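In the two complexes below, chain A is the common chain; its partner is chain B in one and chain C in the other.
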Partner chain A sequence: MPSTRSWSRCRRRTEGKVADGQIAFFVDTTKCINCRTCEIACKDFNHAAVGQRIRRVRTFEGGEFPKIFAYNVSMSCNHCEDPICARHCPTGAYSKRESDGIVVHDPERCIGCRYCTWLCPYGAPQYDAREGRVRKCNFCLEELERGKSPVCVTACPMRAIEFGRLSDIASRPDAAAQVRNLPSPGLTGPACRYKVRPEAERA
Partner chain B sequence: MSEWPLVVFTLAIQLSCGLALAATVADWAGNRSDTAMRPLGIAIFPVAAIGLLASLLHLGRPLTAWKSLYNLGSSRLSLEVLLTLLFVLAALIYSHSWWAHRQDHRVLTGIATSLLAVAAVASSTAIYLVPTQPAWNAGWVPISFFGTALLLGGSASAAFGNLHVPRNLLGCFLGGAVAGSLMLAISAVWMFATLSRVPLDDFAAARLREALHLLTAQHPIALGLHLLLTTVIPIAFAALLWFGWSLPGASPLLRLLAFLAITLGAFIGRGLMVLVGTLPRQF
Partner chain C sequence: MASGELLGRAALEQILPGGIAGAGTQILSIACNNNCGGRCRLNAHIKDGRVIRSSTDETPDSESMPQLRACLKGRAAANRMYHPDRLKYPMKRVGRRGESEFQRISWDEAVETIASNLRRTLERHGPASVYIQYGTGDCGAVSGVAAARRLMNLLGGHLGYYNSYSSACLRYTAPFVTGYRDTNSYQTLVHSRLIVLNGFNPAETVFETNSNYYLSKARGAGAKIVVIDPRYTETAATFAHEWLPLKPTTDTALFLAMAHVIITENLLDQAFLDKYCIGFDETHMPPGVPAGESFKTYVLGLQDHSPKTPEWAAPITGIDASTIRNLAREYATSKPAQLLQGLGPQRHAHGEQSVRAGIVLACMTGNLGIPGGGWGGGEGGRSLGAGVGELPTGANPVKTRIPVFLWTDAVVRGTEMTADDGLQAGPLESNIKFIFNLASNTLVNQHADINRTVRILQDEKLVECIVVSDHFMTPSARFADVLLPADQSLERDDFGFPWSGEKYVVFGNKVVDPPFECRHEYWWLSRVAEKLGIGEKFSEGKTREDWLKQIADDAKRNNAAFPSWDELTRTGLYREKPEAYVAFEKEIRDPAGHPFKTPSGKIEIFSKALFDMNKPEITGIPQYIPAWEGPEDSLIRKYPLQCIGPHYKRRTHSTFDENAWMEEAEPQAMWISPQDAGRRGITDGSKVRVFNDRGALIIAARVTKRVRPGVVAIPQGAWYTPDRDGVCRRGCINVLTSQRPTPLAHGNAQHTILVEVQAADGGQGG
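This part shows the complex of A and B:
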């Protein structure tokens, strides 16, 4: 369970121990309008099955009238510093690349046990019953290797999704690792950062 | 719910674990007459094998199941698969020795089989004890697993074993069933305590709230049935066999019905356990 101890551990993880080359997404939740173009682009590029949402946009609502608020968070795999999927996958289908910290899933090794879908607090691995295996965001590696951006970054009409080195992103004054209603970053050390309104900041 | 094969797998492995313990205790206690415990000794392997086959049905690609041993270094699931395979192999040898009336080294084989069975169940509990699953990550899961092993093993031994065994051995079986039953009651209380917590993390708090709502508002009848069939029925069954009925007079049909009711209760409970951890995620 996340506790005060895990919070302090999270700070250590998210501020100090991340590999230099780690790349990460930066999502500006103040710009996101929940159009889900990123979801569709991701589904299209990855040939995702029906119901398989490798990137998802979720809307959170709260407050009391007249002071109400809502914010949208677009999220895929967080390419965590301590990827629990990679640690516990029985086939070793997950690996974290040393060069850029991307957590890559090899579908050929996957046997469809779905343990990773239980473990990941962000629900990043998505099971496809038709293929009998799991898929998740591989940071559009093919695109990266061709010098291009991940398709969600390219597709977003609001330019709400960016990517870059985590060290650069985390040094922005508006980059937060903790967002209200999202799992504690202390669990797995996610590499993504968010720009949030005050009401979306974790209490 | 697509996790039914896992429910069958865990219950079958725990039943065969309980049977291995009961057969070993009976053998060790000097009750070497094959007729008394033979059916139970023979049953250990088929029950465990059914569990293993059921686990394959949970996989999207069952024909590649052997790959699950690739990550023994860090994966709890790989370790569970290895220990379960070793247990099933030991169960094959042990059951065969009962089948073939071989008594040489049978106690030793029984002890080894029982130890592997306990290790397999322990590794099974470790699968669920992960910090990212707040509903499962508490002591109620191991207590439930080992309690189920004792309950099902003890009840099966009393239900299908030859009751012309020494009274202290029957007491062992019934005591195991009652102990397992009490462990499941403790596990249920611990589960509610876990689900009722309000942790610092709001995401975990929401998951626990949803799990509690699922049990108390959506499946209260199933929950009540589980508690009734795994606590009241086994204790009544044990009391009737111990105090009420003379041993030869205990009706085989009644014993069969009692065992089926207890197994149904364990099945419902395991299904609910899986449900609280596999609720749809916000993310």
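This part shows the complex of A and C:
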């Protein structure tokens, strides 16, 4: 399983600009029913213990009774264009692949210092106390290798999670980079776009 | 988009030379036979004899044949199976009943104990004293409950029941109106201009694997969606254009006020009413009924001088009059409109009335029998499962049946029960003396008023023997005399059937051996049958798998397209093309050739059968009757909050409460409004004590604007965990609920409760 296999040969350290092939998630928050299937399917695939929420749905609520609203954002690692985790990891456990921009975490190099868990504005790296190491979404590389989609994508009962090249996704007319209550995408350049309702547009 | 092609397999193998992750892995379909209504496609990936992950439907996904994608619970099937707390060995009780003191025994001893107790019970009390508890933990084709029924029917029978804990009022009442219950399939939603979801929350309850998929399609196609619910549910948040947070138990008042607007503003489909219905107005009444009993007369208040106007309903429902008026106009003028009532509104003190009133609205607007119109929550009575049968149980020689919700009464005073209790073909020859509780948590957790139930079960002179089979030490398992470890669905072959909608059947493979000494009920019931001298009659020499093969053969005999056993085990699914199904289509198209199956052959807005019962709470037409423990009950001065028990996405009833992944994703917590919380010094996440005269529990508060002030919501299904003072520390709502049945169906009204909430003191949490 991912936590025990070597990722060292997946490393393609990139200097400077990411290649055009940056892979990205697209999440349709208008369809998301907050069912958490993505979260659990991810846990099942990654054998993630309680406490490690490699993908997670966050709920935001607003308005005043009875005119209220709520929206849900499913999120894992955003495989940022400027991954702050990789920039500061003291052991070089993180690398950003040149071919597709996937930010890969190599548990064999991880010493569990948890800098990344503090730095990531999205809370993506998850500390595994049993192993003393961090876990993170690797875009289901094994599934991609088999010509399949990431597990969250195939799991979503609402078909609300998609993936593809960032250049394609970002050019969709309904793609927003910003979501209300989420960190500014200017911080790290997350490779994720969202479809949002007006209430979830960044104020 | 959406595939790994963009990387290319060759490129990936260069990057990831660790080999194909799937190598050496076997993938087999499994069944998720929990009682949610959906039956989804699930696969287990097995390596070295262990399930290492799951996957869901991987057939092409299309609008005409959408994949059957599993929910979060299905995806945790292996996590649930490998839980360290699984029951491992047969055990017998050694302490007092319910004290949870057990001793490991052999299967031989367990079988001998069950057989001798059963023999003694039958000799002393007769077959009607044996009760096979309602339970939905295993919805497969050869379930333990079916096997127990088969055994008992060969031994002279057992006490039967009717109704369910899910839909008692709906199932019992709808036939009085339309002859049988039925609803349109979700494939028709896309035709609706307006969809009114009343207490219907498929985003959490599922109901059908693709119910939310079709709701999403309908919204995309331009349907307006209105959600009526005390909570701003996940369904409301995702789909609703408008949310009407009504007070629980007042749905009927809302519907009557809508009817008033539709009548007085002349928005009626009078032709539909004249052609298909009786009882709407005074000129369409059955013979022998005095004047002034029609629905219209009641709504206009011509007899009781109380017109059911929106202004009348506003203080009752908590929805302002202009909102009601607008909804009524919109509903009457947006044909086709679907009114989908979930099962929640009918699990109330007068659940029967809201069922009937809803159907009347659909009739007043001519919305029955057309695509995009209709009434009901998708729980149609159609024959589903693609013609696949179940283990034959034989006929029950005991004809006496109780309404299922009154089983505790049948323990205490069964022989005194009468037709007024809903007893059918009585009297009972004996109180309940022996209980099989198989894949069920109804014995304690899911029945109302746990503290009363527990007192009854603790008295070993009442029920003399309780046999429980389950996966975990549930609250019901703790009350076993003989406690047996059951296998799980991944440890046996089985079929899975959906509740509604599409015709398909899922096949689940046995992918691993049962751990320890876990066994399916059929296995040990066969041995009990042998002890009692009917082994051959019971099993006919067949194993459980033999029965499944026979069921598959029978299905193939009736339907040539049905796959062979080998194909079924490989593909895991037989599915016919989903069709848009319209309930009562033939009755509406051809009323002369297909009359409604009611006494009059018409839709009975007025039911003479009910009128003739001559009981104040059973009315000829649907009426609003203020609920006991409702907002108009004076008890509200002592217990000022209405408490409802919604289904929670992280459990199927009480199944999965033990699962830590589920607790992490969606912890057990009570919804309370900022107003009600603030007044009581309660903050988000703090522990609160919820209580009424029947019991008390401790639970974390989720302070949210998503629940109507005056209402709190405790997700049902948490496992009753009493402390030394009998206070439930896990937040099981049934320490608060009442065993008082509904008037007509004798159903459970477990959402009708009044409570008070207070901050629990920090140190002890209570």
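In this section, the second predicted complex is superposed on the first by the 184 of 203 C-alpha atoms of A that agree within 3 Å, B and C clash if a C-alpha of one lies under 4 Å from a C-alpha of the other, contacts with A are read in each partner's own complex, and residues count from 1 in each chain.
Note that a contact is a pair of C-beta atoms (placed from the backbone, for glycine too) under 8 Å apart; a residue touches a chain by one contact, two chains touch by 3 or more.
Keep in mind that what you see is a predicted model, and the values were worked out from it rather than measured.
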item	value
Touching partner for A:Arg180 - first (chain B), second (chain C), both, neither	first
Partner chain(s) touched by A:Tyr115 [first = chain B, second = chain C, both, neither]	first
Partner chain in contact with A:Arg55 - chain B first, chain C second, else both or neither	neither
Which of chain B and chain C A:Pro157 touches, first, second, both or neither	second
Chain B versus chain C as contact partner of A:Cys89, first or second or both or neither	first
Residue contacts with chain A in the superposition, chain B compared against chain C	C
Which of chain B and chain C A:Gly132 touches, first, second, both or neither	first
Touched partner set for A:Glu143, first chain B, second chain C, both or neither	second
Residues on chain A lying within both footprints (that of chain B and that of chain C)	1, 6
Residues on chain C engaged by chain A in the complex (per definition of touch)	1-7, 9, 11-13, 15-18, 20-22, 52-56, 58, 61, 69-73, 75-76, 78-79, 203-204, 209-210, 212-213, 216, 232, 234-235, 237-238, 243-245, 649-650, 660-666, 673, 704-706, 708-709
Residues of chain A defined as touching chain C within the complex	1, 5-6, 9-10, 12, 21, 23, 26, 30-37, 39-41, 43-45, 47, 50-51, 53, 61, 63-66, 68-72, 97, 99-100, 141-149, 151, 153-159, 162-165, 168-169
Residue ranges of chain A in contact with chain B within the complex	1-4, 6-7, 56, 58, 73, 75, 84, 87-92, 109-115, 118-123, 127-129, 131-134, 180-184, 187-188, 202-203
Chain A contact footprint on chain B (complex, rising order)	2, 58-62, 64-65, 67-71, 74-78, 81, 127, 130-134, 137, 197, 199-204, 206, 277-278, 281-283
